[in-house]
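Per-chain residue numbering starts at 1, and chain names A, B, C and D are given in the order in which the chains are listed.
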Amino acid sequence: MFENAYELIVYIMTALGIYDSIFRVFEVLGIEYVLRIIIVFVEIVVLFAFALVTIMFLTWMERKVVAMVQARYGPMVTGPRGLLQPVMDGVKLIGKEDIIPDKADRWVFTLAPFIIFIPALLVFIPLPFGDSLVISNFKIGLLYIIAVSAISPIAILLAGWASNNKYSLMGAMRAVAQDISYTIPLALAAIAIVMFTGSLSMVDIVTAQGGTWFGVIPKWFIFLQPLGFILFLIASIAEMGRIPFDFQESESELVAGFFTEYSGMKFAMFFLAEYAHLFAVSGIVVTLFLGGWNGPAVPFIPVQITSLVYFLIKTYAVIFFAMWLRDTVPRMRIDQLLGLGWKVMVPVALLNLLVTGLLVTAGVI
Amino acid sequence: MNAAEELKNALPNSVVSISFQLDKPLAIIKKEDILKAATIARDMGFVHLSVITGIDYCDRYEVVYNFLSYVRKQNLVLKVILDHNNPVVDSLTSIWKGADWLERETYDLVGIKFSGHPDLKRILLPEGWAGHPLQKDYDMKTEQFVTIGDDGEDIVSTDGSNLLRRKYHGN
Amino acid sequence: METDELILNMGPVHPSTHGVLRFRLRMDGEIIKNCEIVMGYLHRGTEKLGEMKTYLQFIPYTDRLDYISAMPNNYAYVKAVEELAGIEVPQRAEYIRVMIMELNRIVNHIVSIGSLLMDLGAATMIMWGFRERETALQLFEQLCGARMTFNYIKPGGVREDLPEGFIPKLREWMKDMEKRLVDYEQLINDNEIFHMRMKDIGTISAQEAINYGLTGPSLRGSGVDYDMRKIEPYSIYPDIDFKACTRPEGDSYARYIVRIDEIKESLQILRQVIDSMPEGKIVSNAKYGIAPMTGSPSSVMTYFPRIFTPHAGEVYSRIEAPKGELGFYIVSDGTTKPYRVKIRSPSFCNLTAIPKMVQGLRIPDLIAAFGTIDVVLGDVDR
Amino acid sequence: MEKGGIRLDPVTIDTTKIKTIKRRPVTAIDKLEDTGMISTILAAREREGLILFSTIDQVFNWARLSSLWPVTSGLACCAIEMMATAMAHHDIARFGMEIFRASPRQADLMFVAGTVTKRMAPRVKKLYEMMAEPKWVIAVGACASTGGPYHESYSVLKGVDNIIPVDVYVPGCPPRPEAFLYAVIQLREKIKNEGYGAKWGLNK
């Protein structure tokens, strides 16, 4: 309906009858752009607050899902059914001693957590949470997302190298090898989607999936691209670094992987970045293949709200799948994983791309 | 004919005497011929080297080997009697890889040396530990402490002041 | 390009060394060129303590050797002492011993498989496994009051008779266990990643396995049809119908499958033992002043002698513990304390083969191979 | 007004004055002394003069006691019971403690679960030193507390408190999982009464 959340806010304020008066104040002062900045700033604050709450909730959810699979209760004591547990963990980690090892590279060691945490949040910017609920509808949204998430291996490498610990270094090397090998099938699987839409904008991709075939089957790309969906899902789980592909951490082999030496708040940032990544990547999977925020309209409720609900339901379903997978399967071996990436997934993704291209050119779909 | 008698027939000069250890055939071997006897025992089908251990009898050391044959379902015990001053016997590592650690352990705890062992060093106690605990005259009164050096190696001393944070009430 | 070797110290505090073991790895990138095992971080001097304690006082220490399967340890020591002293054991006591040892074998294999899977990254199996273990431990607790360190088997019999309602509870547990076993197999055996991780990893041929002195499931996984219960039958095993589970491959997967098969076989043994459990005394009272205590409910409760003096002599007695051949070599000089106790522990001897197995593999393979060898550090370092 | 050993009334901070005062008025801390809770007293003594940070302390203490992450370090038999405590039946996760960190940097609590041998002692100490403050230690079982059944052995340290400070001792050989949980609850009680302003040097 609207291009982005800015226009939505302006529309709401206009509807409430306050926008014009505020705008006039700024107009008189000759600084209209300041109002624009303020509104964008509010948007970003809301987004980041939402992201942080989501991340905290995800850590709780992960522990509860693990507990459910493993026939346990999970956190119960702190807050109702342990809901306050992530808050407590966060406060505790803030209060922990911050250790920088003697032989570590101090600057890089301190910088690495930020380099991993900030891109994890930047991914949220072009992500359409609902109809009109997007911070910025880039024309190159998909490319931007792939590019930004490719920053995290650099941070991991910095962290692993700066720690001056053999386990950290090995974890970092593994993470980089893994991320590089899996970004390619990830991008190739995403390009097949772009062939349908002809646009890299995330909003366009979602809009293209609106409507149904025969009034029953939703027009999601998962039905047009089943192979692409599987490739993208596997690649994104590998990108997230979760079991069965959690080589960067792999507790039973490398103690704690690249963040072995981190403590306190810096460790918390790695921890949070992991879950931010989980949410973002699940959101991207939903946007590309599961119809994004599309869903049946509900009378009397604004589409912005229903679409947000649909998006969250789908995203949490994907997240639940990732958590479930983590509790069920063992870890692969790094060479097997790289073999899978280069020998199976890249050729299959290319083939998928070729077939899709032919079909689209022939006008079949 | 039991296994010990067979062994005596094969090596009449090496076997000092044969008897029984409860129901298991036992042969006492001259200490320089243990490798020969063990090879023959293996060829007789006693492929499983179950245990090597040493016993300190104050006037002598005895090294006991227990072999088992999976096919014949029989035991064979070999024994070597060593001098108390210089307990050295040939190592069986050339025949059984599994003898490696058993011999190291015997060296570590009882103090019997195995000549021909590729890497005879302490296994359970850290390098530098004074005495062999299973010798009867081992000094149980003296406390020994271990600290770690720069490369993670163990340093043994009787002074635990680097390690302990309060007065130590050991016995 | 110039490359350098990486020396990696895994342990003694590392999540997948099952305690305090240390691997000193010389690595070329991720490939292990040489693996040296450093141990002794849990060396508690049990053998020396054996010389300082009387025969009965030493039984609790055997519990703490292999603390996951303590009952076979009890039994191995007691069997050696019984052979040394020539004590007859009543039939019922032998049945109870075998029953409880087989139960302990199942518990041991559950823990072993669970921790293997945890090292591979799938933590669910160990949680499920410990659920069944916990109920089994409750049975142990009913029997002897302890969950892990039992001190239950004594020379001449067992400490207490079966409590009321024990057998029905055990039957219930077995029925439950059979159901759960299907769950485990669904969770693990059909998993493609598990196969990728385990097959052709840590392979050791039958010849080498014997040469390295491997015993137990580790040897049977290499295709050697051996089982101490068959080769040197003890207790009531000759009367029981069971088979030694073997697999020919000799890799990690084979060793894992052998353990699963052994759980099934142990359930089979348990069923036979329960069905033919005789009535009667649980302690022999002939020789060493063990007198039945009158007035106790089942009138088979007995005293054990505090002081116990076998004949002078020496004995080597072995059993098939869950991890392999567990032997006690005891030298008696005719006094109340052993002159020398030597423990031939399965974990110690099985561990010898690890450097051979992992040569040229990677760290994850080392963990997989190490997990299937099933080592308990109390048993290694003693 | 004083409650639970924490002074709530606003007092101007004058540390020099506090140091020179020889006789303090009777406080809740002194009352604690009668009950013999030495560790609590020591923690309270450290907090002498700490006024401003009492609320922060309360918040942090609550967070700390709610999220005790143990370090994965099993030494011997007790480690198996530690595992059993973490498993489904006893489920230490209820206290938010199921995150066993393999890296001591990220852990708050060390279960010294098992016999500390002479050879392991410096490693245990190093592990403790690697942990980030604030950190706690629970000595689990007879061996870690006193040497236990191995007290006479030549290679066993007679109590881990000879090398590192211990907060809670758990008897048993090995202790049951219920005893573990009880020890955890005791430690939570202890943390509730600790003060950190002093440790950070904020009130000097």
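Throughout what follows, a residue touches a chain if its C-beta (ideal position, glycine included) is under 8 Å from a C-beta of that chain, and two chains touch if they have at least 3 such contacts.
Not measured: the values here are computed from a predicted model.
Here A-C and A-D were compared by C-beta pairs in contact; the pair with more is A-D. When every chain is reduced to the mean of its C-alpha atoms, the one closest to the centre of the whole protein set is C.
Our note on geometry: chain A versus chain C, Cα centroid distance of 47 Å, whole angstroms.
Note on chain placement: the centre of chain A and the centre of chain B lie 61 Å apart, centres being C-alpha means. Averaged C-alpha coordinates put the centre of chain A at 38 Å from the centre of chain D. Computed from the mean C-alpha positions, the centre of chain B lies at a distance of 24 Å from the centre of chain C. Shown for chain C are the residues in touch with two or more other chains, namely 14-15, 40, 43, 45, 48, 127-128, 131. Contacts with at least two other chains are made by residues 70-72, 251-252, 255 of chain A.
Multi-chain contact residues of chain D (touching two or more other chains) are listed as 87-88, 102, 119, 123, 152, 154-155. A list of each chain pair in contact follows: A-C, A-D, B-C, B-D, C-D. For chain A in complex with chain C, the touching residues are 66, 69-72, 166, 170, 243-244, 246, 250-255, 327-336. Of all the residues in chain D, the ones that touch chain A in their complex are 59-60, 62-64, 66-67, 87-88, 91, 93-96, 98, 101-103, 105-106, 108, 132-134, 196. The residues of chain C lying in touch with chain B in their complex are 9, 39-40, 43, 45, 47-48, 51, 83-84, 208, 210-215, 224, 226, 231-232, 313-316, 318, 325, 327, 329, 331, 339-340, 342, 344, 348-349, 351-353, 356, 381-382. Put simply, chain B touches chain D in their complex at residues 125-126, 133, 138, 140, 144-148, 154, 163-166, 168-171.
Chain contact summary for the complex, chain B toward chain C: residues 21-22, 24, 47-51, 53, 55-56, 64, 66, 68, 70, 73, 75, 77, 96-102, 105, 109, 122-126, 133-134, 138, 152.
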